[in-house]
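Quick heads-up: structures coming right below.
Shared between the two complexes below is subunit A, which has subunit B as its partner in the first and subunit C in the second.
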Partner chain A sequence: MAKFLELDKGTEAGIRELLGQSLRNGQVKAVFALRRTTNGAVNYSLITDPQMMEEAVPLFPSMPSNAGQLLSRLTLKGPVEGPVAVVVRPCELRALVELVKREQGSLEGFLFISFTCPGVYPLKASANGEIEGKQTQYWEAVKSGKVVPEIRPTCRACEHFIPYNADITISLVGNKDVDKRCILFLNTAKGAELVKGVGGKLSEGELETAELHAHREERLAEKKSLYDQGQLSGLGMDGLIEIFSRCIGCRGCRSACPICYCNLCTFDSFDYEYEPSTYEEELKKRGGVRIPPNTIFYHLGRLTHVGISCVGCGSCTDVCPVDIPLSAIFLQVGEAVQKIFDYIPGKDVEEDVPLATFEEVELTEIEE
Partner chain B sequence: MEEDFMPRIIGFLCKWCTYAGADLAGVSRIQYPPSILPIRVMCSSRVDPLFVISSFLRGADAVLVAGCHPGDCHYQRGNYYTRRRYAVLRKIFEELGLEADRLRLSWISASEGRRFADVITDYTERIKKKGPNPVKKEVFL
Partner chain C sequence: MEEKIGVYVCECGPNIAEKVDIERVLAAVSSIEGVAVAERYKLLCSEEGKKFLKENIEKHGLTHLVVAACSPKQHELTFMNVCEEAGLNPYLFQLANIREQCAWIIEDKDEATEKAIRYVRAAISRVRYHIPLEKKEIEANPDVLVIGAGVAGIEASLLLASRARKVYLVERESSIGGKVKGFAQLFPRMESASALLEPKIKQVVENKNIELMTESEVEQLLGFFGNFVVTVRKKGGEERELNVGAVVVATGLQEFDVSGLPQYGYGKVDNVYTAGEFERMNSPDGPTQGKVLLKDGRAPRSVAIIHCVGRQEKGYCSRVCCLYSLKLAQYLKSKIPEVQVCQFYSDLCLPGKPYQRFYEETKGKGVDFIRAEKVEISEGEGGVAVNYSSESGRLEVRNFDMVILATAMEPAHGSAKLAEILNIGRGVEGFFIEEHEKLGPVSTSLEGIYIAGCAQGPKGISESIVQAEAAAGKILASLVPGRKLEPEVKVSEISEAFCIGCKTCISVCAYNAITFDELRRISVVNEVLCRGCGNCAAACPSGAARHRHFTFRQIYHELMETLR
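So, the complex of A and B:
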């Protein structure tokens, strides 16, 4: 049985009050959460002014960028002098953990608040206040415990919607009174410390109810249908060419990917730039060459680099201007690769990235 | 046509074992098909999967990554990392329906000149049966 705190108000208001109070009494130095700016846009912000907490919308169903990437950047040159309360989605937390394993940031000083994640709308819906208009529909679906319609395809297919490393887990999915009661599961001593003095009723219960299990089944079915649509195994080179022929080479997927952290990307370096003689050679073989070359190379290369740690956040698809279903490919291939080593990216910060470690006797079947 | 087809196999050979093994095959005058284009690397773990993908996309009929037997790496652990990376790369090829059997990982020591010749002969036969890598003719890559 896990301990949880029940506050007598709507979930988002409850979080806002808890964090505002923690700022006022100095329990946390700052809060990192989504915040609505004056023109209605929503972005991640670091907040120290308790008044500004009024503008915080920690549960807003949008992911302007994967917060794992942002928090890694925030702590790249050293950990925060905490405690800093952070409200992020499970996949964002997982991405941060993956980056920390690669020495691209630090978890020190953070207090992680996450939630059973209903998913986010695609970024394209953040224009013209479209998401705002969908809020009612979103929260109704959350209450019912159903998969929310029109969210990112990878969100629909996400089975890791319960956070792994959160100090506090907010119950959202299937919480019928999400707008009346705020339910906070206190997973660690740090989490329990934070809610002291905020009032409410402390009880014991399970986060993973039967409804949540049913919800996972629904998401798994969604994943299966996403994979069936993709039909990757029959793709082959022709299929890859068909999918990626519309790639304009903007590298947006790379920028949005929380796992792609290199400051100087191989694909921006001179190493893979063709010499004039290379063009001649290639033309001799093929009779034609797409300019610039190496589009498939870039995507396959990125798969080998980040596949093992892909958390399936869907940011790559979301930013693609030509709607290449990147995240479906990365999710499926990534999962297959992760399965070789029974690895769930971002689950445990103590567990090495599989490519940075080995067993002396393993994988004998791949040697010939 | 198929009779005349001699595959072009890009071989990334570790300096300490497989490259020396190839050398031994040579000085022992063991015959093997002239299909292999050896590239000497300091360790099989120097082979970035991108090298393999690049070779494959640029039209190599097959790629061989070869190094010391596990436990014998000159740098103690290099080939263990190679093995994991190769497993990932191979899985990606399989998942996407690319021809994973145009990739091969073999451990060949410096004393295994015979084995080097056998591996190249066997691999060459396999690729001969498969025919040239169709990716060679693709314009959009």
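So, the complex of A and C:
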């Protein structure tokens, strides 16, 4: 049985109040959460002024950028002088853990608050207040424990919607009273410490109810249909070339990907530029060459680089101006690689990335 | 400068010529851009062949050389030397292996020829992108680290130490002499162990070229043959860094722990001892001043010695247990002449010149030998009962005052950790593994690290000394003072601009050759330690680590031509 705290108010209001109070009494130095700025845009902010907590919208169904990437940047040169309370989605937390494994940041000083994640709308829906208009539909679906319609395709297909490594887990999916009661599961001593003095009722119960299991089944079914749609297996080189042929080379997927963390991308380096003689040779063979070349190479390269750690957040698809179903491909290929190594990216910060581990037993799966 | 690539296909006598259509290979590659000359020769590795190549490089003013012949393992160096003699940087050369990978394995001549053409084209395509690398020289360090100061370690140290060569003898115990120090006498001649050992110990202590470091253990080893950097820690703190050129591992053995085998009654039934414990009891410096006594203070009237204790569990014969069991019987007979001694054995292992006589001599002193299986020890009437199955399969029981268990040998504790530190392998039995059971019995997989004595496997004193001499001989012959070493030139480098400081390279480096520069937050390769394995270049997620002789471009162009 897990301990949980029940506050007698709507979930988002409850979080706001808890964090506002924690700022006021100095329990946390800052809060990192989504915030609606005066111009109406929703972005991640680092907040120290308790008054400003009024602007926080920690559960707003949008991911302006994967917070894992942002928190990595924040701690790249050293950990925060905590405690800093952070409200992020499970896949964002997982991305941060993957980055920390690669020395690209630190978990130190953070207090992680996450939730059973219903998913986010595509970024394109954030224009013209479209998401605002969908709020009712979103929360009704959350209450019913159904998969929310129109969210990112990878969100629909996400089975890791229960956070790993959160100090506090907010119950959202399937919480019928999500607008009346705020339910906080206290997973660690740090989490329990934070809610002291905020009132409410402490009880014991399970986060993973039968409803949540049913919800997972639904997501798994969504994943299967996503994969079926993509028809990735058996695609072959020609199929891949076709999918990626509309790529305009903007590298937006790379910028939005939390796992793509290099300062300078090797695909931008001199090594990947063609020699004049290479153009000549290729032309001799094929009679015509796509300019710029190496498009498929870039995407497959990125796939090999990030596949093992892909958390399936869907940011890449979201930013692609020509709607290449990147995240479906990355999720499926990533999952296949992760399975070989029995690896769930972002689950355990102590677990080494498979590429950097050595085992005497030869890996034979790929030979078969 | 214009590219002038020379391509030479070796017939390798009939080896390649009969299986690959060399004319077709030459025709296929001679018109490739940059190829100045493409020719065949009957045996390029012969003296005439090398002369031919050298003259051709000079005559045509070649900028790159491709040889299509055998495995690089066999003749890469040969042809690199030819390049050097001809004034061509030896790294502007590529060897295409069309013998082992084409001629020898493909039945069909057409197929073999097709594949050979691909390989030669690939080599031509690759060699264009080769970078001339410069060789460096460093002086080899002739000093030697010997780990373990038992008979093997002592012997190796004494042979190695000289005015030109310092030996660091590291021992984790407070005194030296190892297991032999605890023995009273040695088989088969039953001479005094201390008479043999003490002069050796004295020589070690007095030798100015041996630095004895007791109560010390090796913590880290970096580098390679001729250039190792070792960290040794003395018990209680003090850490020292030593530079040596070679290492002898002589960490010896320990007695198999018999308490895990309840059938031997050890620790439960009184007067059951292991052979090691009995040695101590028999030793003049032992707890009973060398008197063999039962727990109640009486002298035993009958003693059973059980052979092969742990043999099945360990999965190997420890070679010397039969012999030391004979020795223990002789101890007993000489101290208590009327004592009845009975050896329970399953197979007697007595190979070698002097041991048959030793066995007969022991038997002649009135020692019984009983062939027995399934031995179990229990409390008996007024003593210890030995239950066993006799040769005819009958279950029998005999009572004795005392039982000695001839236990197996196993590697000294800490061997696993040391193997990791030294980066050398261990066999399934846990002993350090030799390079080759027959051809390299004291070498290891790592050049410059040798094993001697029981660290390598169970053996007696004479074989341990033989191995110590062999290891010392190997070092004396190869690590001659003043010898120059050429560190690997084909090493990795890390681009400061691309490195993101994720340390993946450090975690995969097998040679501890990469360090992290905290200030710049980047990884840095130590070129003297790097052996050019390429792990870092393969694992680096940002393309910052690259191998100088396996650059992205080189591999890309080689593969393109191979697969096209």
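The rule we apply is simple: the second predicted complex is superposed on the first by the 362 of 368 C-alpha atoms of A that agree within 3 Å, B and C clash if a C-alpha of one lies under 4 Å from a C-alpha of the other, contacts with A are read in each partner's own complex, and residues count from 1 in each chain.
Here, contacts are C-beta pairs under 8 Å (C-beta built on N, C-alpha and C of every residue); 3 or more make two chains touch, one makes a residue touch a chain.
What you are looking at is a predicted structure, and each value in this text was computed from that prediction instead of being measured.
**Student:** Quick one: on subunit A, after the overlay, do subunit B and subunit C clash, or do they fit? Just give me the call.
**Tutor:** The answer is clash.
**Student:** In this superposed model, does subunit C or subunit B come into contact with more residues of subunit A?
**Tutor:** B
**Student:** Please indicate which partner A:Asp352 is in contact with in the superposed arrangement: first for subunit B, second for subunit C, both, or neither.
**Tutor:** second
**Student:** What is the contact status of A:Arg102 with respect to subunit B (first) and subunit C (second): first, second, both, or neither?
**Tutor:** second
**Student:** For A:Glu150 in the superposed arrangement: first (subunit B), second (subunit C), both or neither?
**Tutor:** A:Glu150: touches no partner chain.
**Student:** Quick one: is A:Glu218 in contact with subunit B, with subunit C, with both, or with neither? Answer first, second, both or neither.
**Tutor:** Neither partner.
**Student:** Would you sort A:Ile340 into first (subunit B), second (subunit C), both or neither based on which partner it touches?
**Tutor:** first
**Student:** According to the stated criteria, A:Glu132 is in contact with first (subunit B), second (subunit C), both, or neither; which is it?
**Tutor:** neither
**Student:** For A:Tyr261, is the partner it touches subunit B (first), subunit C (second), both, or none of the two (neither)?
**Tutor:** Only subunit C; A:Tyr261 stays clear of subunit B.
**Student:** Per the contact definition in the header, classify A:Ser269: touching subunit B only (first), subunit C only (second), both, or neither.
**Tutor:** A:Ser269 contacts subunit C only, not subunit B.
**Student:** Do subunit B and subunit C touch any of the same residues on subunit A, and if so, which?
**Tutor:** Looking at subunit A, the two contact sets intersect at 266, 355, 358.
**Student:** Inside the complex, what are the residues of subunit B that reach subunit A?
**Tutor:** 49-50, 53-54, 57-59, 70-71, 77, 80-81, 83-92, 94-98, 104-107, 119, 134-141
**Student:** Considering the complex alone, what residue numbers of subunit A touch subunit C?
**Tutor:** Per the touch definition, subunit A meets subunit C at residues 102-104, 261-266, 269, 271, 277, 305, 352-353, 355-358.
**Student:** Which residues of subunit A touch subunit B in their complex?
**Tutor:** My answer: residues 232-237, 239-241, 245, 266, 272, 282, 285-290, 293-297, 300-301, 303-304, 307-308, 329, 332-333, 336-337, 340-341, 354-355, 358-363, 366-368.
**Student:** So in the complex, which bits of subunit C are touching subunit A?
**Tutor:** Where subunit C meets subunit A, its residues are 33, 497-498, 500-504, 507-508, 539, 541-543, 551-553.
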